[in-house]
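Alright, structures below, take your time with them.
Both complexes below contain chain A, partnered by chain B and then by chain C.
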Partner chain A sequence: MTLQTQNIWNGRIGTVTIGADRAHGGTRTLQYTLGGEQDLAAVGPGATQQRPLIAAEICDDPGIWSPIVNTFMGDTVNDTAGWAGTMESEYHPDIVRLHLTSTRKRNFKDFSGIPETVSGVLKSTGLPLIIEGSNDPSIDSEVYQKCGEASSGERVLLGTAEAGRYRSIAAAAMAYNHCIIAQSPIDINLAKQLNILLKEIGVPYDRILIDPYTGALGYGFEYSYSVMERIRYAALKGDQDLAMTMISAAPDSLNIREVREARDDETDRTAATWEFYTAFSAVIAGASIVCVRHPLAIPLLKSAIDSIWPHSAGREA
Partner chain B sequence: MALKALDIYKLLPKKNCKECGDPTCLTFAMKLASGKGDIEKCPYLDDHAKSVLGASTKPPVRKIKIGVGERAFVVGEEFVQFRHEKTFYHPPGIMVSVSDTQTKPEIEQIVTNVRDYVLTRIGMDLRLNGIAIRNDSNNPEQFGTAVSYAEGCADLPVVLMAGTLAAAEAGLHECGNYRPIVHCATRENYREYCSLTKKSGAVLAIRAGTPDEMAELSTLCTEAGQDALLLDLSSRSLRQFINDSTIIRQHAITRTTPSLGYPVFYDATIPDNADAALVLGILKYGAVIVIGPPTRPSEKALLTLRQNIYTDPQKPIQMTAGLYRVGNPGKDAPVLMTVNFSLTYFTLQGYLESSRVSCYMLIVDTEGLSVLTAVAAGKLNETMVRDAIKKYGVENEVSHRTLIIPGYASPLSGRIEEETGWKVLVGPRDAAEIGEYLETEWKA
Partner chain C sequence: MKNVEASIKSGNESLKTKISELAGDLGYEETAYHLPVTYALTGNAVKNADDARSAYQRTGENPFVACECYTASVTAENGKEPAPFTGFLPDADLRKMGYSLVDGSILGLALVAGSPPGADVVAGICRELQEKYMLTFLAGDVVGTLAGSGVKVGAEYRLVPLGSTPLRGIHFVDIIARVAMMFGGVSPGDPDRLISYARERAKAIVIVFPGLNDEEIAFIDALSILGIPILSMGGYEGGNWHLATPENVVREGMDQKGIKVTVTAIPIPMGCSPAFEGKSIRKEEMHVEFGGGRTPAFELLRVRPAADVTDGKITVIGPEIEDVPQGSALPLGIIVEVAGSAMKKEYEPVLERRIHNFVNYGEGSWHVAQRDLVWVRLSKEAVSKGVHIRHIGTLIAAKFRIDFPNLLDAVQVTLITDEQKVKSALLEAQKVYRERDQRIKDLRDTDVDLFYSCTLCQTFAPNHVCIITPERPALCGAITWLDGKTAFEISPSGANQPVPKGEVIDATTGEFEGVNRFVKKASHGEVERCCLYSIMENPMTACGCFECIAVMLPETNGFMIVTREFKGLTPSGMTFSTLAGTIGGGAQTPGFAGVSKNFILSDRFLQAEGGIERLVWMPGQLKEELSERLLKKLSDSGRQEFFDRIADETVTTTIEDLMDFLAKVHHPALDMPALI
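The block that comes next holds the complex of A and B.
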């Protein structure tokens, strides 16, 4: 006899394609198809498992970014496109996630700056992109329209839709053929509900990634970890409305006390370690994309993920 | 398969003698059914009842105590594959390794750190648990000496990573009475290890290459009289560990392979991926995890992750309701009301501290629910806010009458104003924005 795992699954995670290379109408040097798993993360035969991806987060206004990252990167953070290029060439993430933090300013009006920023980043990196638009409903429509248009053909992942504000982003995704992040506050039922709402306005399920919201390690991470496990479990049990790939980012990781108050000579190491522990745990709970801000977290994650998923599946020729 | 409480009750003497410590046979039966009772506590069971109950009322993963004294810890006694199904009960013991080729001061430095390091989070003291001494010298005498160095400076639980029977003997000579873990017995030498560890009451880690071989080996050990076992699959890769450990946990909790019903031992000292191995050990059912001396960032992160994963999801950690100060608030300092869910409290408190605005936090008892859930479930309402203002004497602390409430509590703003007579300002939904909010919106 050979003892096996005993979970009985009858579902499968749906697939989603992010990025478009030249053969698919874009300019990315590669594109990824995620999903398709039929078991828990890293459990079962390797062939059914896609390698999770690492997204490096950057922004266009470092004024509201982690001072730890700003100090570590130096002047680079003032040149958004250059920052994206540096992340790709020096730290080798799989994806770049651009936060348009400039839109968070009060009375933001510089809509014409958005296409400029986005195309600058698209030129400086060949990696597929995630673009995070505004978080103010009154400017959503214009911001997402500009993001979508500027990255037309590149099949980016647009973030972030929530219950109550998803129409602008869904419209931009549909108009320009992009994917979207659907975020719900650490609740499996709300995650499902948002997916159904999106489906009702015409967003197909192969364009949606679930972001169940990730609390920082030590500050609610356990809830996020369990919600990710539950979503993966429900999907594998056959719940189509939850069978999307998941994306996890813990935006507060670098603001928490343990990281803020680390000794000066340990600040970067603490920041990277904290992000690593959170993101790697999220991968094991079932996340397909994990996002980090400190560049030094990337090699830690890469080494761990590579040792579990040595093949580079997820990449599509 | 597990028996129901009433089935168990039928086999009990029904005397309600209380000698087991429970008030009635039925409550004892309920305890047994949940896997939390011990049939040995009933003095009146006949052999038949014992044999029926013995197998089905034991926790599916055997409970094992490691070490003695204050720092002793318990592992095993787990019931579920996912923490959301119920909870994980006993956090893994983290054992920091030293080598018997290190000098006395080197060993003592590592042992002292494990003895003294404490991380206090959310009102809990988190510690590393013990020391693993590795036989790298291949010399039993030197191994014994290294064990005596470790024992000499702290009463910590230890793992004797002896490798050979002679070294295990030398190690047990130094710490045999303190319930150490002896690592490790294999198919070839289990008899000798079983009799050696049984004699001194030590716990035995056994090693096999696959779950199947492990099931056989553990059966052989119990037949040889040793059932204080830990299972070491010596997993060759991280992926192998996840798979092996998942198989062991499932077969144990479903009781399909009871011989796998023992806690898992994991040597996570994997070069280049030590943090990754440790994370997997914590997430995927490791019960005793051996690591190299951790860096300070890893030490904090690992203890925090372990605390998170082993937090009982059925009981949110709660703060005591009351009025809390941040900085040195004066009469004109802002008062921010929120709920007693500890996470809400600590998150808000962290952002308030970094905003450097002295203020009061008025914590209302919502039974540990978050703002959003408390409002939805009616566990936060205007009369509770009014009563809290009175009960904690907020009116004597500040000269103004303005209360800042969380963004998610905005539906209650009008009713709180009416009920308290205070002016209500609706704050941000996200605590991260509280600093900017106070800067722009707050005037006493």
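The block that comes next holds the complex of A and C.
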């Protein structure tokens, strides 16, 4: 199903490659080249339409994670590598997104644990990875250096750069040949500015994905939707500084009242459905990667995406 | 005392001999870049003595190639030097090092070589380098001397002992070459790119103690080709080596290479970010305002000798915030004085225009217009959080240092709020503005192939693009063609870009194929055509910063002009602010245009519509301000009587009376071809 285009655009979204298979110096079983669109999502000629990808989020310290997901997954969450493997074999996402939540603990010092965790996950899944590092500028330098080095050659997507702190992530991306997520707080001008800052310190545009920041559906999602739309319009009208692929994650979907207060036997379904609707709306707004935490959201998303993008052709480079 | 020039000669000779005597295989391990300097310069992988000789020939007997091949050969023969010497660093270490450079945890690289007179001297220098976040490499006797002083060496202390002789300093160069290839996109075999990368991006300095032999001097001197300043601690004369003392050597070197310990947080009690740039402060929200027609106000940026500028010094002359009640209007003079070795006088107007953005970055401060038209407000909320007038200065000074680290070494700001003092400083400022406008007076649009764009105002008018030509200064009056050119020089990826004129589509309306192409792209497809000399047909868009608005008055078959300063009603039936609200925001509005005062005097103004004789009305104050220059322009073409045919508010502010007046004076516009 594609809609007729309503506009003559003169811009094109740049491409970005995530993951490196053996032929490209990595160990992933596949890699993706995203971008290249010349119209809005699900609109216009099919040739430039990329099928959006689903990323399953996991973490290395479930103490800082959704209790709903922890309960659903049971013991698996205590074995990060095993968790990644289970996600791949049982739920079939396109990407695994590893959050190094352990680094968020106060006085985190275990820098040598990071390479272990990362290589464990790289061994247990063949999917391309997104790695989310620390949240604290005082340890960023060390954390991102370790992340970058441990996944060297795998062309992972490193998160998350913001206007005030992007140097370490950018450095890791440049030193170890990875891509980076550039996040701005629901503001097109700030998104553009961050991209320019990154360009100035030497990150090429074909390594950047924009994360416009996403609130949960019903809890501010409309702002994110509108900003994603504006970013895409600007890009299609020729603004090179915004012509990047977008990634969207709305972890707040699991914390909202409707999910928290759902009946016990309804919790998983409500959580997964809420994540699904938020993520699917983000897909329509133009996101090329959407991230979810509840495993049951993945099949829902898959079938919805299949209904619009029946072919997966072209997405594997 | 060694003579540098003489030593280079004989040094190169003996390097040449060394190369001719090379034998066997050579190469480093754990690198994908072979002998990195030679590889970067020639694109060839040197594997044996013959390769080395041919590379040496091909590079015109480059001393780096000689040192590198020789060092590699010695290493191949005798193995690596024992600890603590590191010798050649593997690529993996380089990635980490490059990481720290991009990351900002290392600010630059230093090489220290030679035989220091004593442990204390070199220990002091190395400590200072550590404190200033420099990664320091050591080669030669300096390593031993340092060890004797108890200073710990090793990568973890940011003091890397490369080798036992100064020639091992070649590893410092192979590091720079590899960083250029890994991070800088420099391809092997492209020596020009390598040199320009090293000059612009590699933040490196070298400090030499006495005792180098001729070969070593030839090697060290070659570093200057890479733009690396050579600081001598004595013992050498001649060459481009700068004599320094142990006390000032680190600072001198860092200054010369423009390596700066950066300012990050701005110490003011309000938020400061481009995110706040679009917000405005309404009258009800304001605590105090400056200028905007209520009081005299201006801003001026000047370059001064370094000795006259104290970085970060903020002075307020006149009342501070607590001396005036809420809702007041104070006069204001913003005088920004800057110093920097790379700073030029031509850059003044370009930097001055940034004051506008910087003040708007403040969460509770707001700024419009430029030069002696500025209008600044501080919000009640900000003042209740402790913001003072002096904080505007702190903000401006810090932002200049952060945004122009390579240009400015020191910035001080004086804020005058005393009415008399503002008035007298204003006269001085106006003189400077006039001089700046004078510089561009004789340049014509036909003399140049490039115009310049400005998209600074896209923060609030997202599709607006100013095209600035020698004869059409920016509508805000603050940027001339020369300024655009300068701004592009200062920051090549900034808001001012060169715009090739391309084919002339219509010389009368000022339509150029290159300009159209540029405007379409920069306006994100919104504006397809832009006629630089016309107001009726595809005029330039207006952002909101215009000094004046030119408006077509259909009844008169002519145009009127109103300035930002003029507060009353005009014959169009609207005031300046109503008109500004109608045409601003980056839209193209035929019949209306934002223009600068100086553009009115240009032959290109209204060229498509028949020229200055279309002018029917302007405020008396503007007429007076332009009178001298306008009368000269008119009398040069024998039309001086036209001056009195332009009405002002003393004649009328209604369209009916204006029509009567025009008929009475036989205004030429009445007989010109109909505008619509």
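In the analysis below, the second predicted complex is superposed on the first by the 309 of 317 C-alpha atoms of A that agree within 3 Å, B and C clash if a C-alpha of one lies under 4 Å from a C-alpha of the other, contacts with A are read in each partner's own complex, and residues count from 1 in each chain.
Heads up, the rule we're going with is that a contact is a pair of C-beta atoms (placed from the backbone, for glycine too) under 8 Å apart; a residue touches a chain by one contact, two chains touch by 3 or more.
Model, not experiment: these values are computed from the prediction.
Asker: Is A:T273 touching the first partner chain B, the second partner chain C, both, or neither of them?
Answerer: A:T273 contacts chain B only, not chain C.
Asker: If you stack the two complexes on chain A, which partner ends up touching A:A171: first (chain B), second (chain C), both, or neither?
Answerer: The answer is second: A:A171 touches chain C but not chain B.
Asker: Once the two complexes are aligned on chain A, which partner has more residues of chain A within touching range, chain B or chain C?
Answerer: Touching more of chain A: B.
Asker: Just checking: does A:G238 make contact with chain B only, chain C only, both, or neither of them? Give me first, second, both or neither.
Answerer: Only chain C; A:G238 stays clear of chain B.
Asker: A:A304 in the overlay: touching chain B, chain C, both, or neither? Say first, second, both or neither.
Answerer: It touches chain B, and chain C stays clear.
Asker: Give one of first, second, both or neither to describe whether A:R257 is in contact with chain B, with chain C, with both, or with none.
Answerer: Touch status of A:R257: first partner only.
Asker: A:S138 contacts which: chain B (first), chain C (second), both, neither?
Answerer: neither
Asker: Note which residues of chain B are touching chain A in the complex, please.
Answerer: 81-84, 121, 210-212, 215, 237-239, 242-243, 246-247, 250-251, 254, 256-257, 260, 272-273, 275-276, 279-280, 283-284, 295-298, 300-302, 304-305, 307-309, 311, 313, 343, 346-347, 350-351, 353-354, 372, 432
Asker: Contact residues on chain A for chain B in the complex?
Answerer: It comes out as residues 1-7, 40, 42-44, 46, 185, 215, 217-223, 225-226, 229-230, 233, 251-252, 255-258, 260, 262-263, 266, 269-270, 272-274, 276-277, 280-281, 284-285, 300, 303-304, 307-308.
Asker: Would you tell me which residues of chain C are touching chain A in their complex?
Answerer: By the definition above, chain C touches chain A via 95-96, 98-105, 182-184, 273-275, 278, 459, 493, 520-521, 524-526.
Asker: Any idea which chain A residues touch chain C in the complex?
Answerer: 9-11, 141, 144-145, 148-149, 163, 167-168, 170-172, 174-176, 187, 189-190, 193, 196, 199-202, 234, 237-239
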